[in-house]
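I've put the structures underneath this note.
Look for subunit A in each of the two complexes below; its partner is subunit B in the first and subunit C in the second.
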Partner chain A sequence: MKVLDVKNITIGFKDRFGFTPMVRDLSFSIDKGEVLSIVGESGCGKSITAYSILKLMDPHISEIRGDGLMFGERNLLSATESEMQQIRGKNISMIFQEPMSSLNPVFSIGAQLTDICTLHTGDSKKQAWQYGIELLKRVHIPSAGECMHKYPHELSGGMRQRVLIALALVSPSLEMLIADEPTTALDVTIQAQILNLLDELRKETGLTLLMITHDLGVVATLSDRVMVMYAGRKVEEGSLADILNNPSHPYTQGLLSSLPIKQHERLAENRPMFAIPGNVPSLKAISEACPFSDRCDRVISECKQAFPSEAAISDTHRAWCNVLDEGIKDA
Partner chain B sequence: MPDQPVEENLVSVGNLSVSYGQARMSLGARQRFVAVDNVNFSVKKGSIVGLVGETGCGKSSIGRAILGLIPFSGKVSVAGKRIDAMSSEELKRHRLHMQMIFQDPLSSLNRRKSIKSLMRQSLQLQRIGSRKEQNDRISALIKEVGFDDSILTRYPHQFSGGQRQRISIARALTLHPSFIVCDEAVSALDVSVQAAIINLLLDLRKKHDLTYLFISHDLSVIELISDYIVVLYLGRIVEQGSKKAIMARQMHPYTQILFSTSPEPTTAQRTKKFQKIVSDIPQRNTVGEGCFFASRCPFVMDKCRKTYPKTFETADNQKVACWLYE
Partner chain C sequence: MNTTIREMLFLLWRSKAAFFGLFVILLFYIVGIFAPVFATHDPIEQNIDQRKLPPFSEGYILGTDELGRDLYSRIVYGARVSMLIGVVSVSIALVIGTTIGMISGYLGGAVDTISMRVIDIMLSFPYVLLTIVIVSLLGSSLVNAMIAIGISHIPRYARVCRAAVLSEKEQDYVMAEQSLGAGSFHLMFKSILPNVLAPVMVQATLGFGDAILSAAALSFLGLGAQPPTPEWGLMIASSRDFVTSAWWIVTFPGLATLFAVVGFNVFGDGMRDILDVRLHD
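Entry: the complex of A and B
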């Protein structure tokens, strides 16, 4: 069953010069209980995509166009702000990268938790406090009762991220969790704890998780399916094994080969490390062509004219490229 | 890495400690926060030493102390001269030999200055060369990092992150230093750009005979390019040794955890469980007499809680501060 079905949306910013698309013609869906990761480098549009699902971007400067943003039976594209308020935190919640700036520094953890608990569950303050302690225990915060009285600055980065996860899990009717770079600001040992926690929650509660990250190690730890984005476009999509073991798009291949962990052999042989030449293009300068065509070593003239159409590699694995490894695909 | 057998130490650090003042929190004496505590290591000429550790372990403080940018106690010598005994005037002259590359090039490059004037600054400060000689040196360096002269009139905001880092590298090289501290120099960059910058750093090392102290929290980068690895935890060195030795066998439990918790981009990672780590990194001022890692260590013994471990050395010069190896 599909929890979220994104149909052909384009997200962009409006200014006095018109509409500038940042993410183009994006379609994807997430099944219930699945973990989908969106991977890409900075500026590829992965965070904008996550924000757009909850319509968190300022409607005065941004716009989402397209065929639909189906959440169950509802189309979020036509939902009003007050309808969105009902969905945010209740059916879909989100955790952000910087746990310090997502918590209010002048309220205690307990106040912030009970606030949201009463909102989503309709419990009394007292019940909500108990429920809050329960939630903190569920995210493995030691001495949860004490933690309720603490303020965000008294907690370490890892603890704050746990509190944020607890806040995101408040609603009993939660259907999907969006995690935007949940461990990027954390140290590796703490990152491991948070990834363990997310994995545990997924197994215990069948949580549907949309994870946004740039770290392929994090992707490998949690995901069922992976979607690779480059400069506002989806370039490849497949199961975790498809992407890691059999990457097909030249960008995905380049990204995987530029990881430090894959380069030991080259350096041992005194060769330079593998690097993708050039820079990520500015989203403003992108034309209709394949955005990777400037950096691609397999570029052909078709790549410069239009964005490539979908090429199916297997049932689960798709790439948007004219020149896949198997040779040039048929038009 | 090959071509390493030069045995001369370019940098040596003995009993280095760095502490910062702390405002009085409540009644009682002012405390000083100890960021780096009795650290000893040396950097061989032409090698790359990787300094790795988590937030607050003092890795940046060590880098800054070696360049004389912050007050410290202990013996530090760079290129044959003791930094700790120098007057500020001497120190300024000595910075000809040592430079630094920072993590975030946008905040370390003055946005109001053109690339050319940014690069000229250090030459002017050190009064090196005529204006023409300065210009020649600048354009030669900017070519080496992959640009042409036309960018010299532009400003930092007109470049992408990777390009800015190239400019920072060129700027660090204007004085022809022999020793460069790279403080998280590639951490803020995307993977595809990161590789190109590391290539550049390795390339320049050969051309200019450079020695790097490479500070990073990213173990995958450290283990890729360093010849020697120093692992820090809460201001103290827990383990150090050649890359070969450490990669083959991580002795300190903290190093083991650090290695095992870095997720690898392989399908096997999906089913792998991370080693359980008991708790968070403690505050430096709350750890007692014993080993700082005792509260999180899976092999903790009674002794660990009471006395800080001595440093034990193996046959291939791997040093570890842990009672397990007594």
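Entry: the complex of A and C
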């Protein structure tokens, strides 16, 4: 059963000169209980996609176009702001990449938790406080009762991210959690703890998780399926094994070849590490061509004409490229 | 919360000027609230035989005015009036100004443009002139003077609040709370407001002094408190003819106004130092 079905949406910013698309013709869906990771480098439109699902971007400057943003039976594209308020935090919630600044600095953890609790559950303050303590225990915060009285600045980054996860889990009718680079701002040991926590929570509750990240390590730890984005386009999609073992799009191949762990030979020979040549194109300058064509070493003339059509590699694995080949090229 | 208050008191104590300001303010408030306790005479009881007595004569500590009323008692009751003016007009300006600034800064767009142009128009009038115009429209009385002062103080709160909201609404926690289902009203008045209070409170403390001074000015011009109300500005106005013959009648109410305004200004400056995080460390 599909929890979220994104149908051919284009997200962009409007200004006096018109509409500049940032994410183009994006379609994907997530099944119940599944973990989908969206991978891509900075500026490829991952976070914008995440914000758009909850319609968090200022409608004065941005616009979402397309055939549908189906959450269950509801089309979020046509939902009003007050309908979205009913969905945010109740059915879909989100955790952000900056735990240091994502909590309100003037309220205690307990005040913020009870506030959100009463908003979604209609509990009394006292019940909400107890529920808050339970939630903090669920995200493994030691001495949860004490933590309720603390202010955000008294907690470490990892603890704050746990509190934010607890806040996101408040609603009993939560169906989907969007995690926008939840580990980016944390150091490596804390990253692992947070990922374990997310994994544990999804196993316990059957939560559907949409993970936005640029860290392939995070992808490998947690995902069922992976979607690779480049400059606002989906370029490859498949199961975790498909993407890691059999990357097909030249960009995915380049990404995986750039991992330091795959570069022993080069390092042994004192050659510089592999990197994809060139830079991400400015999203303003993107034409109808394949956005990767300027950096691709297999580029053919068709690539410059139009965005490639879908090529199925297996039942689960698809890529959008004219010149697919098998396996990681020897870089 | 207790630690925060204790820390603030400590910082206040460290900044001697601000502590002095707080002391003066509290003194005036205590004197104002318990005026009947401090006063030695009825402030409006006239005693024609004992006009213009100099200070320290016949039980009149500060002497008497041109109608034989005890100057000290009138100043004590005047503190009550002035402190009330401060509270009322600052409250009017604070509530309306902050609300306008918050809505304008948070919503942006046309709402922001329109409300800020209205504020610009208000600012383009000289402040005293604007106050006088409003009092003239409402009619001269102490209550109307307070309302007029409140209204003409609105722009400064609206501007300060809007500026703070503009930077605060871009903070991550705002989007985080929005993503958890908080609506615009909740975001504006429960999430953002407590975070922008510091600059607004500094403005309010400084505004008390201004309000008291403006009320004295309006009363001096006959547009505020009406006789026989013991109001400092009115006392100065009615006794200015005797400044050469009976200096005390005009001097002491003037000194009272001076101390009260200096107290609020010094305290406001100190509050700015304490509340402005950029000045710390």
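Convention: the second predicted complex is superposed on the first by the 325 of 331 C-alpha atoms of A that agree within 3 Å, B and C clash if a C-alpha of one lies under 4 Å from a C-alpha of the other, contacts with A are read in each partner's own complex, and residues count from 1 in each chain.
Everything that follows uses one rule, which is that contacts are C-beta pairs under 8 Å (C-beta built on N, C-alpha and C of every residue); 3 or more make two chains touch, one makes a residue touch a chain.
Everything quoted here is computed from the prediction, not taken from an experiment.
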Three-chain arrangement built on subunit A, subunit B and subunit C clash or fit: fit
Superposed model, subunit A: greater residue contact from subunit B or subunit C: B
Touching partner for A:116 - first (subunit B), second (subunit C), both, neither: second
Partner chain(s) touched by A:124 [first = subunit B, second = subunit C, both, neither]: neither
First (subunit B), second (subunit C), both or neither touched by A:196: first
First, second, both or neither for A:272, with subunit B first and subunit C second: first
Computed vertex angle (subunit A) for partners subunit B and subunit C, CA, steps of 10°: 80
A:107 touches, of subunit B and subunit C: first, second, both or neither? second
Partner chain(s) touched by A:221 [first = subunit B, second = subunit C, both, neither]: first
Subunit B versus subunit C as contact partner of A:287, first or second or both or neither: neither
CA minimum distance (subunit B, subunit C), superposed complexes, angstrom: 7
Touching residues (chain side subunit C, partner subunit A) in the complex: 108-109, 171-173, 175-183, 186, 190-191, 194-195
Touch list for subunit A against partner subunit B, complex: 41-42, 142, 156-159, 187-193, 195-196, 214-223, 240-241, 244-245, 254-256, 258-261, 263-264, 267, 270, 272-277, 279-280
Of all residues in subunit A, those that touch subunit C in their complex: 54, 56, 60, 82, 85-90, 93-94, 96, 98, 101-107, 115-116, 119-120, 164, 167-168, 170-171
Of all residues in subunit B, those that touch subunit A in their complex: 1-2, 54-55, 160-163, 190-196, 198-199, 202-203, 217-221, 223-225, 257-258, 261-267, 269-270, 272-277, 279-281, 296
